[in-house]
Structure formats: structure tokens, C-alpha cells
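What follows are several structures.
Paired with chain B in one complex and with chain C in the other, chain A is shared by the two complexes that follow.
== the complex of A and B ==
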């Protein structure tokens, strides 16, 4: 469905603004087009239509320009694209995949992004994320569902010291506030 | 003011940084680097607490985590922390500490009368013997008194103002303990390139090396070698050093818990710093280097202030520059006692003599002591001490060839040191589920077969002495690094000179000549368990150490028996005439030392205890003055009171206005699942009772979901968007459960189906517009959708736009009125809501909350799963047989619906109840009975599930599950309440517009 003529005001679940403290920057993510694609048989057709090869290797991501495909399961990908693609991409994907059984569901508003970057990012996330986050264990491009204290997130490493968190909108303030709290602690250390 | 017992020089305290602190209101000086214990001793204060049961005066026994006596309360207000070991409390300027379990004062404590109680009254098992009768007195009389008089510190009343944090960490090698073995292990592992975490509970790394005097490593003092090694480790980026970090638990798969104290030692810590950080460490390999705990001797009055472990005295004098007394008697059965005697002598204390329990006194320690001019008496024991608040003297006895003790001389002294040998600290090894082995020769338990990837090194492994510990530590560190995948070799052990290696030891009660019934020789200092208590327990039939422990409470105090468990075991084994391994060993459980609740909670407290989920229009509702209720983690608008309205008035107004004109309601929390794929309809057929194949795209159906047992587990309106796409709604609370149930079937039973499930609960904001004017409100706002009655009938679904925003518009009703549910992408929820609200003002639209929603649906007899159902209710019980696709071959729960028990005529069925007096409101959950005053024990016919004041019916209404209810329509039943039974008439559970004429307009 095209968002081209929308007049109503859009309201992000996060009212906070980007800020830096103790070497860590927290940024609320801009709106994105988000699609969940299910169905392994549709992956090949999706590669071309999406413009980036959907990763077949578990917990990896692929990017092309501003688009990214995150592997979430053997037949499940989270596709991220700039909002400007919202008018065309879902329809072009749907028609490209018409012959392969699949499910394509728009979840653009279901979740929001929190971008975390800076030198102290690993210990900050490890206050709540129980995974090993060294680059050796969690290299750039790795993505996974995991827990963040009592919220579920998708954690995606976009750079040596940069992570992209995808979180359901009503959990976003909780995740943001906990990140803020531990960022303050670590800055005082 | 100078502290009178401070040495002139030496120790690791910073004499350039004097501090001031108070204990029981009195001010004392100390130095940076002191513990509360060392600073008190420097001021000559030995009396620091009262014992648990007998209120006996107690002093400092130890200098570490094993301290049983010196439990103090530290801090003020919400930061007051009771039961801290003074030996582990670091001094800072302005520290406020107080003693516990005494009244009116530490020096004069009324509770001490317990110490004079006749023998037997407070002996082993006294709880079981004394409080048997009269029945009931335990709860009402004895227990409250005992709880009041016995005990430890008092919990603070104020909320804890501090905050606590967690951190997950990973390493190749975790080394627990930074003494000689631990430092060596860390050095070896880090040298091989492994990522190492080294944790130690003390403020300074070095362990026993910091208390050493005389021994040199590679030509420098042991403490200097420790400093040098720590500096080398600190310079290695692969090494994380944790100080003030107690490793308290060893869990499965090399997961260890460590609590790091961050602010307790600082007088004005940064306000953003957490008080404690709990490290949750996953280590590939672990080296345990937790050392050993010195055993006290069990002799009469061994608990008097001034009776102290020899190793503790060594620590006080060498590490803290404190003389723990002036005239010391050293009682030893281990070479380490001589090392203490030599160190005290060189610090200027008079060492009266060394009483050596063993017959031979010619080991390296004894030889060194004699060479230094100290008197050594072999086969000599201490049989008692004089002095109550402080030791003033000790009586010696000689052990004859027959083992009998003859009384000997009495010596004047203000310090009695005990060197009873060393118990390896195998706690963490045992927690890791490793198997302990009993060392016959030394009579101690040592780590045996490992259950996890760990190894022990140094004293905790029974390897004593600096040189041996360093060698074993290097080997352990190299082994751990190798097993973690690094090429590692153990470095060469440095040259160690001048140490007296601990050797020897004694177990059990010290023999003496006195009447055992008239003396108290303590085994467990904190729980006041004496040698005779343990012997009594054995005489009264306790055979296993687990029974002895529970009967006597030995080892059950906050110190978990660190200084008493082996002693108690030895005495029980002696009394039973069995070797120790046959008597057993009590279990080592985490935590090693007490851990605060705050550390476990971390950030999960207060508003961050759980996520607080808010809907996209929450802020609008809050601005309108909505009162919210918690539904799971969600905040839902409950009702919208106007000035002066209570809930009842607000709900009545909201309900009337919905039926009179139109209302707006936030349904965003409803669970939503998009079911997509070529087999979507077949999947729906199998998961829901209803038939779905023939439902046309653009139409909706009420769906009922059963569990395998045939009981209703969820319901909701389901729209078909396309042949292969359903928009499923679930109850708010059921959303995760329903998705999990669907996924479970899809992944385990229906793997043949090509269909996928995606949660869209949070994708859509849901704006319910309900009431006769609902269409008029929406008509001007929608684009590309004909919402006229002819074009969009009840239970249909259209896609189009509203306010320019894409929408899935449902025509559904949970009120019995004409109704729509506007689904829009969540970020647009508030803007669209405000547009609908603005348009609604032309029709006096009302915003209503969950309470009015409940009343409106109850007036129509619509059920709520979880309110009208309780997990034992079938579709037929609810009168919902129409929702079952009878022609379908199968669906989850179908087979169970024909079980004899589910088709019985007297099952509880949903009915309406009308009270005789329309003003009387029934209580939800109240029992329904056939007579007004049923005989006690009569089963109830059922219970009230919902009860409201109904504005539409103009009276109270209720729904209930009643046995054979549908056949009882018209009957009078009773709802017995505390102040009399309420008569009710059984009716249909529909109280308004029974023909549904308002719905289809």
C-alpha cells in the first residue's frame, strides 16, 4: 500500500533524541520500510527483486545500498529499506514472488530501530544481552533475535562499534531507558 | 588521636591518609586501606558483637570472608546494611557502623542471661523439645518471642536508594582468587594470549601474599612480587581484573556469578555509579584458586574476644600494621602457627609461649621459633580462658601418654591465637558438581573428579606454601589456556625463600580435664553450637551429618559454616566411632557469601521491573484524564472521568452515550496475527472450530479456538483479506499464547502446510467507533471505501484509506451497536484518532475505556475468554455450538468434545442471573446455590462470572456458569454471601436487544 499521499502526522514510539555520553551514541532510528518474508522457496526470486542476495547463512545479513536483508530463520528474513521504497517495493516483491509459496507481511510500524554506537557499546549492550559481542564472536553483519532484559530484540552489528536494534514499538521506551541508565553508569565508572 | 595498637611502620595502609569513623556512636581514627576490623583492633576494640543464641560477647575471629562473629550494620537510612562482616568492610572517612543483637548496649546486654540458662534448655534440638506443647503456642507465643530475641541485624525500613547493575561477560579463562596460585594462573593463561578474567573479593589483589612477612619471591618481598605481577596483568589488554568481586556461585556450563562492589568503600561515590554489579561470566575454562580457611580450636570459652585465628593475627600485623594485642599465647597444631608467632614477636608483641598440641615440636616452624627465643611446649593444650569481654589469661594443660589432660599453668595474655590447620575452600568446586575426595592423611576434603571445565590450584587444592602454589598455579593457567585453544606452557617457578609452609592440623574437640557439661566449647560461633551439642545430637540418634546439621543448626548461619563444618563433622565422626567420609559431608550451595537482593534484581525494579507497554494513542487518553488499568504489561484506558465523576458515574455516562450516539475506544492491544500462504484456509480450519474455506475475501467471522482437551482457549474476529491471507485477532492477554500454540502445531503436526504466521499486534493501531452514529462519523474520513449498509454489511472488511492513511477497516461490534474498527499503521494512530474524535464531536462522541467495554458486551451476552471461561469450559457450555464447523473432518479439540464428560447434561452452562432487587449487584466469583443456606460441604451449582450495573437494562445484570443452567431458566437460585443470601432468577445471558436489531443497520 502506497504511503505517497498521507497527510496525517506520523508519531514515533520514541520521543527521545540522539545523544552521546561516555563514548556511546544512542540514536532513535528513522522510519523504515520493514517486511517479513517467509518461505525458503521464494528466496531466489526475492534476491533479484530486492536487489540484495538474501543471506542463506544463519544469523547473517546482506546489504545493497540502503537496503538490508537479515536472516532470522531458515525460511525467514527481515527486509529493511528506506521509507521512500514503501510505495513500490512491496508490490514489486509480491509480483516477483507470485509463483513461489511465501508470506510477505508489512511490519514497518510494528517495530522501531535504536542505533547504538561508540567505543563502549559492547559492555553497554552486555548489561542486558546475554550473547558474546566481541567482534570475533559477533562479527560485523551478524544479526540475531535475542533478549534484552525482558524485551525481545533483533540485534544487528552494522560496524565494528555500531549496532542496530530492532524492537517492537511498545518495548522501545523500555529498551531506550535501560540503555540510557547503563550508559550513565558506565560513563561514571 | 593516635590508634594505640597501630605499629610504627609497615603494612599496606596509607598512613598519609587518615580517616575517621564511628562504631556504636564512638569516633575512632583509621587509615585508608584499613578494614573496619583492622581499624577497630588498632584502637584496641575487640568486642564487636553478641552471639545469636546466648548473647555471649564476641570478638574478631578472622580477617576475611569466613568471619562468623563480627557482623555489623553499616550506613544510615535506606543505605543501612545489616550483617556485614567487619573483616570485609573497607574503611572510608565518615563510615558509620554499629554492633547488632544487643540491648541496651554491647558491653551490657540483657540477653546474656541466656548464657546462664540451665544446661539442656537451649541445647541441641531445643526447638523440637521445648516448644512441643501446648498446641498452637508455637505460632502465637514461642516463635514471635524467639524471632525477637534471637537473631542478627535489622533490615532497613526505607527503600534502597542505590541502584544495581548486571553485565554478561565471556572469557577463555576465569581465575577465581588472586593469591599466589591465582596470580600465577592468570599470568600463565594471559601470557599464552587467552582472554582472562581474574576476580578477587578483596580490594587489593594478592591474597595471602599481602599478609606474608619474611618470604621472598625472586629476591623481593612476597607482597612486592604480587604488586609487580598485578601491574603486568593490568598492562595486558586481554586481562580483566576485578577487585572487590566475590565469585559466589558456580552454575552449569561454566557459568559463574560474581558480585563486584563498586561504591561501598567510597565516602562520596559518583551518584550515577551502581552500588554493585553482578557479573554473569561464561568461561571456557576456570581456575579455582580460592585458598583455604584456617580452623579454630574447639576448647572451653574459645569464643572470648581476643581469641583469634593465627592467620588473622598475621594479616592484621603484617598487612594492616595493627597489633591485635600485647601479650599473645599461640596455640597450634600446624607449622603456620609458628609463622604467626614469629611475625607477632617481630612486631613487638610479647609471645608468652607456643602451646603445640602435637607431641613432636621439631618441624621447621618450631625450630625457627626456638631459634628466635620463643618458648615451645609440645603436647600442650589450652583448656580455657579467663576474661569475659576480653581475654585476660589462659589455662594450659598437658596431654599425657594416655591422652588424658593434666591441668597446667595459667598464663596472663590478652590474645590467644589458634592454628588448628587449614580447610581447603572447595565450595565453588563442589557447586560445580565436581566430586570431592577425602584425603586420609590430612583428613580434609579435596577436589576430586571434575564435572566441568575447571581445575583447582593452590591451597584450595590442598597444595600449601608459596612455592608450591605458584608452581601449581602456573601449571593450571597453562592447562586452562591450552584447553581453551592456546599454545601455552607453564612459566618457570620463581625462586621462593624463607617461607614456613603450613603442615599439620587437628580435627575435633580439644581434650581437656574439665566437666564437659559445665563448659561451652564452640564449634559454630555464629549459631552458638558447642561440642556437647553435637555429641548430644549423636546420642539422640542423629547418624548422618545432614541430620546433625539440622538438629544442632551447625553450619546453618550466614557464614554457612566456613569455620565450623569440618569441625562439627570431626566431632560427630569421633562420637559415632566412624571415619569422617562415612558420616558424610553437607552440601555446598551458592552463594559463597550473602548476596544482596539488589544485585540479583539489577535494573529490574520500580518502573523498570517490567516493560510498560503503551498504545499509540496513550498520550491522548492521558491528556483526556483517563484512568488506566494494567492488562498484562499494557496500560489500557479504563474509564474517562469528568470533573466530579467517580468510576460508576463515568462508566454509566460512557455506556449511555455509546448506545445513544457514538463512542471511540482504543482496541490496539488486541493480538493480531497475519496468517499467509496457499494453505492458510486449511490451517485456519484445523486451528479454529469454525469453517473457513468458504469465507469470502472481504468478510469476517467470529473464531473460536480450543485446546486439545476441547476447552475454549481464545476467540476473536478474523478477517479474510485474500484467498491466502487472514487477519486474525486474539484476546489482549492471549496474543503470545495463541501465536505459540499455532506455531507449535505448524512446526510439529502440520508440517505439510505452506502457511506462515507473523505477529502484527503492534503494526496496527485499532480505533473502535461504536454506536448508531458510527457510520456518520467515519463517512467523511474514509477514501475509496463505501461503508454504506448495503456495500459493507456487518462482519465485513475493506482496505482503503482514512485521513490519507492506509487502513484495514472492519465492520464489527463488541457492543451490539453498529460498529467499526479502524486499523491504521501504528505511527499514524494518534493522528487518525484525533481526526475521528474531531469529526465525532458533531455527534457528541464519547471516549470510553475498558470498563464500559465490559459492560456493553455483557449487556449483549458476549463472553470474554478468561472471565466467562476458566480453562474447563466447552463451546456448548457457552452456547456457542453454532461456531463449530460440524462438517469439518477435524480441528484441534474436536475429538475431545465427544468425551462423555463433555456432553453431560449437568455441565456448568452460561446463563444470566437477575437479582430480585434490581439495585443489588452480585459479586464476581460468588458461588451459586440451590438454597439460601446450603448445608456446609454442599457443592456449589456454579459461580458468577460477570456482574455489572447495566445502564441499558436499567438494573444490575450478571452472567454465571451454573450446572444444567439452561434447563433452569426461570428458576430461583441463591448467591449466599456473608451478610445473607441473594435470590436470583436464571435467565438468558442477553440483557439488551435480544434480536440484534441494532447491529445490522
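== the complex of A and C ==
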């Protein structure tokens, strides 16, 4: 890692404000530290260094305080942490994992979050997400990569009527606008 | 919509999340310079193209991202079974008999 200090201001790709309509609240996610960890052998060391046990069960998540680890593949996790950890966590994880083969990539600038909540959230998401989103099929804590119309997203259920969408920032306005359009249509009916 | 069982995610997922990856269990010759032109052409270009059960690779692109193998019926488009890469090829005749008796 270089010693040069570069501070890049993080601007949200979404210009809209949080708003509620027809029982659904859309909120642009606050900036987060996002890391992609690859390497099954590094998982055990990462458990302690990250503070939350990385889920080994497919499509599950684990949280500890404000940190969350989402299973994306059998040797792939998305680690989310508050921005205040941005200076220390990547380095401390990297040194904790030094003995195990792995890849740890900071993707904080690559993607952004859209938070969707409210009683009408399942039919709203199902306008573009082809998965079954009832609580029996997609329980709280489940997280998976999937598609949203033409965009690839990570969908994470954080509450019985609350979802966290991780989307690449160039796709974020597209996803937001589609959600907004269907939300307005559902509210009008 | 067709539902395909991903053996890595251990659940049925919509076909939109998957990409087809060609016929499965085709091993590249260990030493290409030692095989004849016919064998090499066979490896590169010739596939079985059956009418019936076909063993093929699929990738759960918008999901876990992993390749796995599937047995699909090329007439009905029905996925008979899916299994992880590296696992042995299933007995197609037994699967066909099972399909026939389930009719």
C-alpha cells in the first residue's frame, strides 16, 4: 500500500432524498466501507479480525454491531462496515489474513446502497426481482446476488419489511427510478 | 419462468440468473501436441447434440457465480438434476428410466 494520502470525497450517485409513498420508504444509503473477500481458507482468520462470523451457509448474512458480512459465493463475502472504519479495518484485516491465500478488495466507491422498507416492499421489489420474497422463502438475514430488471444487485433482507439493495453506482439511478415509478403506480392504485 | 436448482446455493432460482456453458465433462487433452489432428478437432468442435438427456455446464452468473453441471432434456427443456462441478457424471439411462416411469 502506498503512503501517499489521498482523500477522495464520496458523493452519492443518487440526488433524491428519502421519501415515503403508499407505504414504502426509499432511502439512499449512507456511505459505507465495503470490502470483497475471496478465499475460503481466509474465512476463519477473518471471523476474529472482522468481529462477525462470516456465514458459511449459502445466501446468509451475519451482523455484529454496525458491521455485516454477506455470503455471495462459497469463497466470497461482501463485508460492510461504517465509514469510520475505513482507515483502520482494511489494513487490520489484511494483516490478520496474511497467512491464508485470499483477495481483499476495497469496493467502497464501486457500489452504493438503496434502502427500501414498508408494508408494500415485497410486491414493489417483485416488479423487477424474479425471486420469491415471502418471509418463508426469503427470511430476515438472507442475502444474495440477483438481478433487478437489467442491473445486478445484492439483495439483503434486514427486517420483515426492510431490504438493503447494494448496486453498482452507475446503475443506482436506474434502479432508483424504476422503484420510484412502480411505487407511484402502486400508490395510485 | 423456469426454475433451476443451483447446487451451490442449494435452492431453486429463476433461469434469468443463469448462463449456459456448453456440454459438460469434456476434458482438454493433457498434452495437446501428442494428439492427432482428428482428436484435437473432436475436442474443439464436435459435441453430442442428443435428442433427449444432455449433460451441460451452467453458471449461476447473477447469484453465487459458480459453474455447475446439469442434466437437461433437450426436447422438453426439463432440468432432471443438477450437481456441483467435479462430481461424477450421473447415469443417464437410469435417469431416463426414472423419467419414463414417472410419466
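Here is the rule we go by: the second predicted complex is superposed on the first by the 179 of 189 C-alpha atoms of A that agree within 3 Å, B and C clash if a C-alpha of one lies under 4 Å from a C-alpha of the other, contacts with A are read in each partner's own complex, and residues count from 1 in each chain.
Definition applied: contacts are C-beta pairs under 8 Å (C-beta built on N, C-alpha and C of every residue); 3 or more make two chains touch, one makes a residue touch a chain.
Just so you know, these numbers come straight off a predicted model, no measurement behind them.
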item	value
Which superposed partner A:152 touches (first chain B, second chain C, both, neither)	second
Winner by number of chain A residues touched, once chain B and chain C are compared	B
Contacts of A:105 with chain B and chain C, given as first, second, both or neither	first
Contacts of A:18 with chain B and chain C, given as first, second, both or neither	neither
First (chain B), second (chain C), both or neither touched by A:130	both
On chain A, positions contacted by chain B and by chain C	130-131
Complex interface listing, chain A residues touching chain B	1-3, 5-13, 31, 36, 38-39, 75, 101-111, 123, 126-132, 134, 137, 149-151, 168-171, 173-174, 177-178, 181-182, 184-185, 187-189
List of chain B residues in touch with chain A within their complex	163, 165-170, 262, 270-274, 280, 282, 603-604, 608, 610-616, 633-634, 674, 676-678, 754-756, 758-764, 799, 801, 803-806, 825-832, 835
Chain C to chain A touching residues, read off their complex	1, 8-11, 13-14, 16-17, 62-66
Partner chain C, residues of chain A touching it in the complex	58-59, 72-74, 76, 130-131, 144-147, 152
